[in-house]
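Below you'll find the structure I mean.
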Amino acid sequence: MTSYKYPKELKKAIDELANESSYQSVCHRHLHNQPMPSTQQLKEIVDLLREIIFPGYFGHSEVRCESIHYYLGVNTERVFHLLVDQIHAGLCFSCSGDESIPSMEIRNQAFDMATRFVACLPELRRKLSTDVEAAFLGDPAAQSRGEVIFCYPAIRAITNYRIAHALLTLGVPLIPRMISEMAHSETGIDIHPNAQIGESFTIDHGTGVVIGATSIIGKNVKLFQGVTLGAKSFPLDENGNPIKGIPRHPIVQDDVIIYAQATILGRITVGAGSTIGGNVWVTNNVPPGSKIVQFKPKEMLYSDGGGI
Amino acid sequence: MTSYKYPKELKKAIDELANESSYQSVCHRHLHNQPMPSTQQLKEIVDLLREIIFPGYFGHSEVRCESIHYYLGVNTERVFHLLVDQIHAGLCFSCSGDESIPSMEIRNQAFDMATRFVACLPELRRKLSTDVEAAFLGDPAAQSRGEVIFCYPAIRAITNYRIAHALLTLGVPLIPRMISEMAHSETGIDIHPNAQIGESFTIDHGTGVVIGATSIIGKNVKLFQGVTLGAKSFPLDENGNPIKGIPRHPIVQDDVIIYAQATILGRITVGAGSTIGGNVWVTNNVPPGSKIVQFKPKEMLYSDGGGI
Amino acid sequence: MTSYKYPKELKKAIDELANESSYQSVCHRHLHNQPMPSTQQLKEIVDLLREIIFPGYFGHSEVRCESIHYYLGVNTERVFHLLVDQIHAGLCFSCSGDESIPSMEIRNQAFDMATRFVACLPELRRKLSTDVEAAFLGDPAAQSRGEVIFCYPAIRAITNYRIAHALLTLGVPLIPRMISEMAHSETGIDIHPNAQIGESFTIDHGTGVVIGATSIIGKNVKLFQGVTLGAKSFPLDENGNPIKGIPRHPIVQDDVIIYAQATILGRITVGAGSTIGGNVWVTNNVPPGSKIVQFKPKEMLYSDGGGI
Amino acid sequence: MTSYKYPKELKKAIDELANESSYQSVCHRHLHNQPMPSTQQLKEIVDLLREIIFPGYFGHSEVRCESIHYYLGVNTERVFHLLVDQIHAGLCFSCSGDESIPSMEIRNQAFDMATRFVACLPELRRKLSTDVEAAFLGDPAAQSRGEVIFCYPAIRAITNYRIAHALLTLGVPLIPRMISEMAHSETGIDIHPNAQIGESFTIDHGTGVVIGATSIIGKNVKLFQGVTLGAKSFPLDENGNPIKGIPRHPIVQDDVIIYAQATILGRITVGAGSTIGGNVWVTNNVPPGSKIVQFKPKEMLYSDGGGI
Amino acid sequence: MTSYKYPKELKKAIDELANESSYQSVCHRHLHNQPMPSTQQLKEIVDLLREIIFPGYFGHSEVRCESIHYYLGVNTERVFHLLVDQIHAGLCFSCSGDESIPSMEIRNQAFDMATRFVACLPELRRKLSTDVEAAFLGDPAAQSRGEVIFCYPAIRAITNYRIAHALLTLGVPLIPRMISEMAHSETGIDIHPNAQIGESFTIDHGTGVVIGATSIIGKNVKLFQGVTLGAKSFPLDENGNPIKGIPRHPIVQDDVIIYAQATILGRITVGAGSTIGGNVWVTNNVPPGSKIVQFKPKEMLYSDGGGI
Amino acid sequence: MTSYKYPKELKKAIDELANESSYQSVCHRHLHNQPMPSTQQLKEIVDLLREIIFPGYFGHSEVRCESIHYYLGVNTERVFHLLVDQIHAGLCFSCSGDESIPSMEIRNQAFDMATRFVACLPELRRKLSTDVEAAFLGDPAAQSRGEVIFCYPAIRAITNYRIAHALLTLGVPLIPRMISEMAHSETGIDIHPNAQIGESFTIDHGTGVVIGATSIIGKNVKLFQGVTLGAKSFPLDENGNPIKGIPRHPIVQDDVIIYAQATILGRITVGAGSTIGGNVWVTNNVPPGSKIVQFKPKEMLYSDGGGI
């Protein structure tokens, strides 16, 4: 607004930042100059998939049986095209540097993956309807299944997870992770797309939940906010890098409930029908049907170092 | 960009998704074809209410005493009209299926509820000013009351809660829950609009806080991040559905402080003036004036299954 | 849509809200009528800084060595201008009421602070590259450094922290806090800009992490989700207000790992190379090389007050 | 940016402008408080209709025979809903003041008119395809029919005219006029929706063309830019107001060409197959097969009042 | 999408364009680095002024007497602030190069001009209401005064003209011209803000109308599309530059009608009550009460050089 | 808002519109499924080119010599990429149906054309600066060259023309025509990109000007609003289609002035230094140095068929 000058420090900083030695470790190079995956387009993809799976809840259209076919036709084709682009971008991101793969071959691979994903949509909807049912039955505060679909962050997070898991199963790189991070930012629920999760899964409140990459969760499991299914320390290879792909997260069997802030670490098994109380730290197997709770807290009788 | 074909799998998936047996359990039907509540309009409502309650902090207008009246006049009328629409949509959502209620009657009910809500605004502002004061006095890092209003996520979450609670008290369905979920997504603080919370309430940092639907919180209470005021297991009716409306969350009396990650479960009472330490799991009554802390953690002397 | 009337309650509420006695405690007055800091412009600043620091990952441009200089030139000048405006707004916000400071002097101060900030950008990039490296080496699920930069919420939160810390070190008020709150809302990670954090810092998952204003963190430290580095109760002055600026948060030395949901409170020291297990509550010093874990949870043999 | 004061002249002007005697002659009152017709929604209606009529040229969708049905289904339903709203608004605008008509009756009338309009769409497309053909055959500069549809302002203006004329024929008030004004602003071609225009109609360049409300144009007529089919002076009623609805614009029979800037005024007939040269002023009947041109201009031999 | 290289021609062109000898004649330098006038903000100013002058027709608000005061208060203050900025920008544009004028002095001048402009608004509304009345009475196709305000391009063009003329009369540079160009682009009507135009002025259709800078138009004048009130050749000064400010456009007295495409050139007078027919070229005085028409066109009996 | 039903007419219309016999003559098929040229991207191209050519007038950046190089670098690369896409789309549009041309070959052709266009930019700027100079010297109302660049529609139209002409000269199809239509819609000035126009060209006011595809205009020519340089009737081939590419528009030599609404038709020559008066119709050669004006209009002494 008033008189800006152009300080010489600007020019100096720009020159340093444009020096290859400064940027080379933090700068991305694209294969075939393909654009990066687009957060905005992935957001549109997720919005469209929610609209396809739960007709009438998301999107702008009123649903009636006379015209639902048209909307599904348009939205499915749109989501298909967007997916081809984003999968293509994800494939190029992952093999950046390897220019030997012809561009058209990558394109065809993306086309094929997107096609197979779309074919999964009816099954995805069926699974998610079991999750909705579980959330409704499990929460006395829920007024209707409609309220669950429309308002519950867990449904959004699990929807993104089931989409991302289906894509990852088809071999799509990077994109599944981005889709699950979108739900993480929106809901505070962080489910790695590589986790395996059975039907009728539900999470109450959800903020702070973490489900690690090699977790296996059975049917009819319920988690509360702040639950971690994590890894303990992991082995390194001879170069000191973590060895990838080793199972390192818990197996949670059917009909388990885990209360708020519990931390379950390592490739242990929580047996079917168990209940894990809040705020506990579990690093050993839990037999089926167990109830685990924290040691009863003590009442302080004296001031402990200045008091809390 | 390159040659898309139209894979036959698309058509097949679309046909399956448009089959009534696939969509009937996850598809919403509206009463009177009223549109669904709109997240976007609710966001505008919340933005306007923040602007009305805290003049000069939110919104684009500079505030001066000569013209504040005009801005309040315009914003209040705008928020009133938007509320009539959204309450109307909420009422139609909740009684979807019952076509016997005349559309105009629902409209009048929405009009009446919105009118009564607007009449509460001065009292809402007064209560929120006690929350601001409490946050300022309770945080050595706060430089000014202005910084608290402008930056603290707790103020945003409590503002949404007090708005949502006022609406729910007037009998508005669904909308209060959506408004509190908006704050949940923005701040990680999940306060059910049905909870009762006294004046001078504050939450520090706040991510992961959960305050359940039948909680009762007194005056001058302070929570830290990750605190849960939750329910234990709940009774089912003869059909196996949870019985709605039973008091099942804690009562927290005046002047209580609860530290990070504490989990307080069930219809218990935390007595006035108590302090609950972090990471504890409390399922029994706490007498007034108590200090509760976790058992002192142990130092591990041996490797426990590969170490953490 | 249908016939709105204008209820008389609106006029009454507007009149009350426009009464000075109602708004005076929650209404901001600006020095020199300078506009408030703008969340939208701060968002643009952060987006531009991410684009400058990690070329090719954020922003719309494809990066090639022939033209990277132009992009850095344009983005750096743009960010500089926006920063002058926002620092100016922050300075006016902080000294609202003191009209004795000439407007132009404040402007010059903002100009000078923005200039010095821009000069720090190459060093900011260098530090952040150590954080990226630490996150990549520390997570077996990470496929590439690129995935870490692009997807990991911790990188976003730490980037905002390092920006905010640099601004705060230059004496900029309010703006650093707003920038860290933006990351808090986006990622659930709440790092106070006044904290001191060494290189090669990483946070896994991250939701619910809180790092208080006087924390000091060494090099090569790793935190998991839900970790709190917080304060215990703090002394009040003779007026009952908290005394500002006293060191009250932990010192965490080099090479420490702290697992999920651990709560470390008060000006204690966690010695170099220690490992803190999840869900613990630590309020005393921890010697170097310690391993601290929660008491092993008990298995419940009987129903405890209705069960969890 | 710098110190605004609030000048007292503002308050004075606001008070005057808010005085009913000032605003009563220029202020609209709505029947049933129905919103005004929306220029933005009408723009969306026109965009959708262009997309429906000329698939693949407008809108974002790529057209293929496998999915064109879905797109037409979605767009037609969308345009139908928007039209019901806008026709409703138009009906309320026209009878503002007459509160005796029940709101629901007007709604039903709008619904009925929109339904009948949609039924005309296939015929509208057929007529417009004759206009495209005429433009292509009549312009040596046109490379393809596709270029004509995509680029020629005449096609946009005639499309709007044919839409507006169909609506006006159904009795819709105001909206047709707004749709033709939108084309007027976009192309400089002003065709009154009440004019009657045959098939294979084309306008070259078009800026400044005016076709009055009672004009009748046959088939295969071509106009150039700046042509006016206007009215001469018109009779007044006993109150000095113009008498509405009297035929007062030309009849142009089949196969006529009218060159640039010609002005044809009054209820005269230009006979079939005639050619009217540019810049002429015609106020009498023209027999079939005529060629009319301006008197040959003179060459000036002397300075005429200072020269041009 | 596919492999872009970075052609060396780009670098060469950029270097040439960045050479001062290339850009110096077409590059703007701002006084005090004030931003350029903003087309977007001027558009907002015009939209707000239309909303202020014609309540209920433009803008989003429904008008009712209970709240019109609030809307006028907010809109008038908003337009005032925007005008101060744009007038400031206009003043800096006009005296670019003369750095001797202090920035604050220019700001105060802009503040003062904007204040005086706002004080004119009630009179501007009154004058425009006479124009609306004239358009309604003069067009048999107009259904209501409301339709005239809402749809007629002439009202938009004359509104912009009367705003621009008021600003120019107060000494505001550049901005009036920009406001009239906005109407020119929207309607095809080009009225120079320096022209003087009496009450009850109307233009039918309007595309192509030009009213030059020194024109003087009486009361109750009506123009049709394509009418020019222009200048003949103009004297040059000793350097061959046109001498500025000499009266060179027509004087049109009260109650004159000028038909389509007529061209009236030079400082001549068209006497009161005259009628000028279409397509004529008039460069001499016209006595009061005259009727001027083009020579009757000839019918061609033979082909004139290939025919038209 | 109220109860929409789904009228059966909708389904019927949709089915008819989706019938291939209905849409086949008005539906575009793309070569290689390349998207259509994008009006929005062309708008961005033109905006960027205006910003490149006239630094500081368009776009958001303040210009200073220290950083102009960066802005030109970024804008030129951006415009280059957009042009490659749009030229590619234009090439595919033009050869739709001919699938024999490999997609990559078309891409390379687009890349090459865009490269050569960018190389022309310095010369384009030089030519346009002569046009600005001519407009400034030719208009006594112009206050500065800056005002001419910023406000005069002729500069916008001529800029688009010179861009479009350069592209057409390189062999780019469709896109040049779209760029000139954008200016036509914005300014009412319709210059075919194939016309040849010398330096120091200017148009005053401009609405309604038409310059046909084979026109040739010398240096230092000035046109006024409504001037047509058009074609008379044109020969047809044996199929009745117009023969493309025959010279059919006027040649206007150096230093000619043509006044408002003059219509010059056919491949005639207007000799150097001539002046053509307004509203004339010229279809024969005009010798150098001529002054041509309309026959003096007659004054009507009697009512001519009801009067005008």
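Letters A, B, C, D, E and F name the chains as they come in the text, with residue numbers starting at 1 for each one.
The definition used in the following text is that a contact is a pair of C-beta atoms (placed from the backbone, for glycine too) under 8 Å apart; a residue touches a chain by one contact, two chains touch by 3 or more.
Protein names from UniProt, one per chain: A, B, C, D, E, F = Serine O-acetyltransferase.
Since this is a predicted model, take the numbers as computed values, not measurements.
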(Q) Tell me the rotation angle, 0 to 180 degrees, that brings the C-alpha atoms of chain C onto chain F, to the nearest 5. (A) 180
Q: Could you let me know which interface, C-E or B-E, is made of more C-beta pairs in contact?
A: B-E
Q: Could you please state the distance in Å, as a whole number, between where the Cα atoms of chain C are centred and where those of chain D are centred?
A: 57
Q) Can you give the whole-Å distance between the Cα centres of chain D and chain E? A) 23
Q: Return the distance between the CA-based centres of chain B and chain D, expressed in whole Å.
A: 51
Q | chain F: positions in contact with at least two other chains | A | 1-2, 4, 6, 10, 14, 33, 35, 62, 67, 69-70, 72-73, 77, 188, 207-208, 226, 259, 261, 265, 277-280, 293-295, 304, 307-308
Q) Across the complex, what residues on chain D touch chain A? A) 1, 61, 67, 69-74, 77
Q: Using the touch definition up top, name the residues of chain F that touch chain E in the complex.
A: 52-57, 62-63, 65, 68-69, 72-73, 76-77, 80-81, 84-85, 104, 107, 111, 115-116, 118-119, 121-122, 125-126, 128-129, 132, 137-141, 143-147, 149-153, 186-188, 205, 207-208, 224-226, 232-233, 259-261, 265-266, 277-280, 283-284, 293-295, 297-300, 304, 307-308
**Q.** chain B residues within the chain A interface of the complex
**A.** 2, 4-7, 9-10, 12-14, 16-18, 20, 22-23, 25-30, 33, 35-37, 93-94, 96, 173-174, 177-178, 181, 184-185, 188, 190, 192, 194, 207-208, 210, 212-213, 226, 228, 230-231, 234, 240-246, 248, 259, 261-263, 265, 275, 277-282, 290-295, 304-308
Q: Would you pull the chain E residues touching chain C in the complex into a rising list?
A: 4, 6, 10-11, 14, 62, 64, 66-67, 70
